[in-house]
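Across the two complexes that follow, chain A remains constant while its partner is chain B and subsequently chain C.
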Partner chain A sequence: MTSTNSALGKFLSGRGMRKLRRDRMALVALAVIGVYLLLALSVGVGLLDKGDVFDRAGPDTVPGAWGVQDGEKRLTDAEFYIEQVQRAARASNAEDSLAELRFGGLRAAPGTPAEVQAQVDDAWLAFDAVAAYEELDEDPEVASLLTTLEQKVEGLYAAPTGFAGAIHSLRLSLGTDRQGRSILFRALYSTKVAVQIGIVSALISVLIGTLLGAAAGYFGGWVDHMVVWLYSTFSSIPWIVLLMVLASMFRGGPFDGTLIPVYAAFCMSFWISPCRVIRGEVMKLRELEYVQAASAIGFGRIRILLKHIIPNTAHLMFINFSLLFIGAIKAEVILSFLGLGVKNEPSWGVMINQAKAEVLNGFFWQIGAATFFMLVLVLAFNILSDALQDAFDPKHVGSQ
Partner chain B sequence: MTATQVQPVLEVRHLSTCFKTDRGVVTAVDDVSFKLYPGETLGIVGESGCGKTVTSKSIMRLLPEHLSFQKEGSEVLFGGNNLSLASEDEMREVRGDRIAMIFQEPMTSLNPVFTVGWQLDEALGYHTTLDKAARRERAIEMLRLVEMPEPERRIGEYPHQLSGGMRQRVMIAMALCCEPDILIADEPTTALDVTIQAQILDLMNGLKQRLNTAIMLITHDLGVVAQVCDRVMVMYAGRVIESGTVRDIFHRPQHPYTKALIESIPKSGAREHGKRLPTIDGIVPSLFELPHGCRFEDRCTIGDKKCIDREPALEALDGREVRCHFPLGDAR
Partner chain C sequence: MWSYIARKLLYNIPVYLGILLFLMLALRVNDPVHAFLGKNATDADILDVRAKLGLDQAFIYQYFDLLRDVLTLDFSVESWTNEGLRVSDMLKRSVIPSISITVPALVLTSIISISIALISAFFRGRPIDRTLMVMAVVGMSVSFLVYIIFGQYWGAYLLTREGSDLFAIGGFEPGLANWPYYCLLPVLISTFVATGYDTRFYRAVMVEESSRDYITTAKAKGANRRKVMFVHMLKNALIPIITRIMTTLPFLIMGSLLLEVYFNIPGMGRVLYKAIQEQDFPVVQIFVAVFAGIFIVSNILTDVLYALVDPRVRLS
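Here is the complex of A and B:
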C-alpha cells in the first residue's frame, strides 16, 4: 500500500469527513451538485444535441406545468400547425415533405398527400368556426369549438407513443419559448455550458493566479513589483467593462461564436483574487523553517517553490476554485444577458435575455426555469463550501 | 581532545556579515574566525541577536542575497573551497550533502503536506544516485538510527502525527542521511521539554561518534553546552569574545561576560536557598550604535577608561582566546 492510498483512506475516515457526513444540508448540497455535474457530463457526451435545443418542440409558447393558455393563443397555434401540414401536402414532392415534417417529437400523420389534404381542409373548417367569434374566452360554446379544432389538429399529427411519447411530454413539461423551443431541454443544456465555463475559467484563473502570486511572494524584488503592478492595474478596471471590451474585441475573429472569448475575459479578470491571496500566503510560508530547511538540504529555488511551497497553498487554491466557479457561472449569466457572452448555444443568461420580452406578456416560465436552475446550483455550492469550512477549517478541528 | 596535526574540516577566517537596512548597513557578524575539527562539537553561545545564527547561515550562505553581503576578506574554507565566494550551484552541492543543518523549531521544520518518508526520499534522491527501493531502505535505516520507534510505520505518516521530539529526530535523520562532514544545529533542543532535550542531545552525541561528523551547536543554554560540547565560542554583539575548551570556559572563564553568564545559571542546593539569581544588568548594545571601545563596557563591573577608548583585540593564550583588556586570572 502506498502512502497516497493510506493518506486518502485517512482523509476519508478522518474527523473532517465524519463531521461532514453528519451535516445533512451538506450531503443534500453535495448530492445536488453531483446531479448537476452528472447532467452536464451526460449533455456533454451527447444526451441532448443542438437539435433538441434549437428545433421547435411545439406550437408557439406552450405554457409550463402551471400555465393556462388563452383562447387567442390556442387559435394561432392551431393555425400554425395546420399551415405547416398544408404546406407539406401541397409541395411538389408531397410525400417526402410530409415524411420530413417534424416538430420535436411530433410528426405528420401517415397518409397519402390527398388524404392529408382532406384532413387539412376539415381542420380549416373547424378553424373558421372558431375564428368567427370576436371574443374567444369565457364563452362555453367557443370553448367546445376550440376543443374540436384542437382534436382535428392533433389528428394531423401522429403523436409519439411509448418512450418517444414520454420524451415528448418531458420536452414540453416546462413549456416552450416564443419560438417553440423546449425550455426544459434548453435549461438542461445550459447546465453543461455553465459547468463548462465554471470549471475551465476557474481552473485557468487559479492556475495563473497561483503561479504569478507564488512567484511574486517567493522571489520578491522586481518579480513582485511587476505582478503587483499587473494586478493593481487589472483590478482598477471594473471587471464588467473589461469583460465587455474583451467580448467585443473577439467579435468577428476566428473564435467568434465559441466560448473562447468568454474564457479569455473571465480568466483575465478572475486571476487577481487567487493571485493576491496566494502571494500573501507564500510570503508567510517562505519564512517558515521547513522552507529554510529545504534550502539547507540544497534544493534549488524553483524546486522549493514548486514542490514545497505551492502544495502548501492547496487549501487556498480549492477555496478560490469554488468561489470562482460560482463567480464564473454568475458572470456568464450577466454577460450573456448583455448579449456579449455565449453564442450559438443556449445558456441561462441567454435564456433570461430572451425572456425579457416574454415576461412583459406574462410568460414567466423561461426566466423562471433559468433562474431556478442557476439558483439551485449556486445555493448548493454555497452550502457545501460553508459545511466544508466547518468540517475542515483547522481553527475548528485543531491540528492533531 | 583534538590533536593539533589534524586538519580542520572547516575554517572560518575574518567572517563579517552585513545587512542592508533602512537605517544603513549593519554588521551583524564582525570578524569571526574559528576552526572546526572532525568529530568535535563546537558550541556557539550568546544572547539573542549576538550573531550566532547569522554566523551559521553565512557559512551555508542561506541569508537573502539582496539584503545581506559578506565583507571582503571573509573566508569560509571547506574542502579546499572558499564557500564565501562559491557560486550558487556549488553551494547547492555542499548544502545538505556535505554540510547539513537542523533548526530550532521542530514543529515547523517539516513540510506539513508531505509524509516523513517523502521528505527523506526527496533529500536522498537529490544528493544520491540510489534507486527508489534503496532510498526507502536508507530512509528506514536512518529513522532507526535516530531511534524512531516503528520506522516502517512512521515513514508513511505526516509531521502532524508526530510529537515534537519525534519530528526533531526526523530532522536529524534528514540532516544525516547523506553523511555530511558538518552538522550545524541551530538551537536544536530549545523548543523541546527537558527529558526529550536530553534524549536528543544523547542521540546527537552518539551519532557524532559513530559517523565522525563535526557538530556546530548553536545555543543560549549553557547547560547544553556543558553536556555535549568539546569547545565553546562565546559571542557578544557580533564579536567572538572568548573561546576555549568547555573545561576552561566553565572553570576558568577569563572574560567578565562569560563569567557573568556562568554565574547566572540557576544552581540547586541549600547554600543557594533564598539568594537572588545573579543577572547581567543592561542590554546588548544596538548594532546601529556600537561603542568605540569594548562592546561589553557599559555592562561590565570591572574595567576603566581604556575600555571606553579602545576595543580589545582577541588574544590567544594556551589554546584559548579572549577579547578583554583585563582578563580574569586563573584564581577563582
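Here is the complex of A and C:
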C-alpha cells in the first residue's frame, strides 16, 4: 500500500500537478465542483427532506423572485390562497384543519373558524372587485385593487419570520412548477442526484476500464484479445441504444424505481473509453526501463502491474473520471426524458422533461433553473478536463 | 490490401457474434412474453406467443435462428404491438425519415464546423479564437434536450401561434417538397448542437497539424501565412477530418433518436424507442441487431478507405 500511496503522492506533487495549480481557470472550476460536492453532501445528510421537493409550496407556475407577474396570474394566485384557507375553515373539524394547514412555510392565521371565515369572505369581496375588470394590466385603479386583494390574502396567513421566513422566501425564490413545488429546492435536490450518479458511474467505469485495460495491455495474448473483443462488442451498438436496452433490462424487477438501472447502464457503456486509453498507455509503459528493472529484480507480474504500472496511469484515470462525470450527467437527462432514467426523485433530467409543457406556456423558470445548475457543474468539469489534459497529456489532440 | 480487408472481416466476425449474444441475453433478463402480455395473461396465451417466436427452444437454437435471419436478411417476424406488420417493413419505412434528418445535418455540421475551426486556428490565441472556443465549451455544457425544447418553442411553436406556418411542430411527410416544413428545424437544431463538439475537435486537429515540420519548412521558404493555412495544412488535416466524418456515418442510420422522438418523426430511432417502451420484443431484437450489423460493416469500410488514403495504416 505504501508504494501505491507514494506513487499517488508523486503524482500529486509532480510536474503535471504544478502545471495544473498555475492554471487559474482550473482552480476556479475545482472550487465550483467543491461547492457542488458540499451542496450534494448537505442535501444527502438531510438539508432537504422529501417534503421540500414533493409538497406544494404555493400556487402553480409562480415565477421566481425577479419575475414579472401579470394581473391575471396574480388574481388566480390570490384565488388559490383564499381557497386553501376556505376549504380548511369549512371542513367538519375546522379547528384542526386550520391548525394543520400549511404549505411551504405558510400556516393559516390564528383565529376561530368563524373569524377566519369572515376574513375569507372579506377577501372574496376584494377578489370579485378585481375580477369584474376585463383588462387587469393597464388600469392604475385595478392595480391598487389588486394590491388590496393581496394584502387581504396575506392577512389570511401567518407569514413565517426570522430564519423560517428566510427559508420561505428562498423556497419561492425561483418560483414553483406546474404542481406548485419549489423549483429551487428541486434543483438543489437534483444536485445530489446528479453528483451521486456522476461519482458512482464514473468511478466504477474508470475502475473497470483501468483494470481490464491495464491487464490487456500488460499481459497481451489472449487476455488482450478477450478485452478488445469485449469492448469492440459493446462499442458496436450505438451508445443511446445500448443505454436504452440496458436500462430497460431492469424494468419490472426489484430494482425498478431505484437508481441501480441507471448506474448499471452507465457503467456498462462508459468503461470502454478508459479501457481503450489505458490499454494503449500500458502497452507503452510495459517497454520502459523501470518496468524491466522491476522484473529483473524478480518482482511478480501482478505486483508490477498493480504497484508500478497502474499508478502511472493515474493522470489518465483522472481525465477519464472527469469526462465520464460529464457524460453521466448529460446521459441522465436523456434517459430521464426517455422514461428510463431517474424515477421517484427529482433530477435535472426529470425537471427538464417536466418543463416541456411549461415552456409551451411561456414559463421558463423550471427549465432555466435545471439548465443553469447543470450548466455550471458541467462547464466546471469541462474546464477541469481540458486543464487536466493540458497538464498531463500535452500530446493529446485537443490541448493547445 | 486484400489481406488487410480479409483480416478486418475475420476480426469482426467474433465481435458481431458477441453483440448478438449480449443483446439476446439482455433482452431475456426479464421474460419478454410475460412483460408484454402483462399479469392477466393466461398460461395458454404465454405458451402460444412463446412457441410462435421459438422462445420455448433452447437458447442456442434461438441464437442460431437470429443469426440465420440476420445473415439471410429475413426479417419477416411480425411486430407484437402492430399486428400483421413485419419488422422488415418497419425497417424499410423508417430509413427514409431518419436519413432525411441526419444526412443534411451531417453535411451542414461538417461545413460549418470546419469553417469555424479554420477561422479559430488561423487566429489562434487571439480574442476571436478565445471567444469561439468559450462559446463552444459553454454550448457543450447545456443538455441536447434543452436545445430541442427551445428550438421547437421558438422555431415552430411561437411562429405557428403568430400565424406563420414556417416549420411543423412535429410529424413527417415523405417527399422533397415537404422536407423543409418537417425536417429543416430538427436539422438546424442538430447542426447547432453538433457544431460545438466538432469545432473543438477540428480546431485541435489543425492546431496539431500547424506545429509539424512541413509547415515550418513552407514558412521558411516564404509561403505566406494564408497559403500555408489553406493549402498546405488543410490538405493534410483532411485525413483526421474524413475519419471523423466517416466514423459518424453509421450513426446516421440510427438517426437522431431524441429529435425523432420529440418531433414525432417516424424514423428508426423513434420506432426502436417505441418498441422498447411497449416491450415489443421482436422489433427491439432485430432493430438492434441490424444497427450493430450496419455499424460493423461501415466500420470495416472506414478502415479500408482509410488504409487506401494512408498506406502506413495497412502495416500496423
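Everything below uses one rule, namely that the second predicted complex is superposed on the first by the 358 of 400 C-alpha atoms of A that agree within 3 Å, B and C clash if a C-alpha of one lies under 4 Å from a C-alpha of the other, contacts with A are read in each partner's own complex, and residues count from 1 in each chain.
As a working rule, a contact is a pair of C-beta atoms (placed from the backbone, for glycine too) under 8 Å apart; a residue touches a chain by one contact, two chains touch by 3 or more.
Since we're looking at a predicted model, the values are computed, not measured.
Enquirer: Output check: A:Ile383 vs chain B and chain C. Expected answer is one of first, second, both, neither. What do you get?
Expert: Only chain C; A:Ile383 stays clear of chain B.
Enquirer: Tell me the contact category for A:Leu41 with respect to chain B and chain C: first, second, both or neither.
Expert: Once the two structures are laid over each other on A, A:Leu41 reaches no partner at all.
Enquirer: Where does A:Thr371 make contact in the superposed view: on chain B (first), on chain C (second), on both, or on neither?
Expert: Touch partner of A:Thr371: chain C, not chain B.
Enquirer: Determine, under the contact definition given at the top, whether A:Gly221 touches first (chain B), second (chain C), both, or neither.
Expert: Only chain B; A:Gly221 stays clear of chain C.
Enquirer: Who contacts more of chain A, chain B or chain C?
Expert: Result: the larger residue contact count on chain A belongs to C.
Enquirer: In the superposed arrangement, which partner chain does A:Tyr290 touch: chain B (first), chain C (second), both, or neither?
Expert: In the superposition, A:Tyr290 touches chain B alone.
Enquirer: Is A:Met25 contacted by the first partner chain B, the second partner chain C, both or neither?
Expert: A:Met25 sits against neither chain B nor chain C.
Enquirer: Given the touch rule stated above, what does A:Gly300 touch, chain B (first), chain C (second), both, or neither?
Expert: first
Enquirer: Which partner chains sit in contact with A:Ala314 here, chain B, chain C, both or neither? Use first/second/both/neither.
Expert: first
Enquirer: Please identify the positions on chain A that touch both chain B and chain C, taking each partner from its own complex.
Expert: Correct list for chain A: 399-400.
Enquirer: Any idea which chain A residues touch chain B in the complex?
Expert: Its residues touching chain B are 3, 6-7, 220-221, 288-290, 292-300, 307-308, 311-312, 314, 399-400.
Enquirer: Give every residue of chain A touching chain C within the complex, in rising order.
Expert: 229-230, 232-234, 236-238, 240-241, 244-246, 248-253, 326, 330, 333-334, 337-340, 348-349, 352-353, 355-356, 359-360, 367, 371, 374-375, 378-379, 382-383, 386, 397-400
Enquirer: Which positions of chain C touch chain A when the two form their complex?
Expert: For this pair, the touching residues of chain C are 12, 14-16, 18-19, 22-23, 26-27, 29-30, 35, 137-138, 140-146, 149-150, 153, 157, 200-201, 204-205, 207-208, 240, 250-251, 254, 257-258, 261, 269, 272-273, 276-277, 279, 284, 288, 291-292, 295-296, 299.
Enquirer: Report the residues of chain B in contact with chain A in the complex, numbered from low to high.
Expert: Checking each residue of chain B against chain A gives 60, 62, 66, 91-97, 100-105, 108-115, 117-118, 122-123, 126-127, 155-156, 158, 160, 171, 174.
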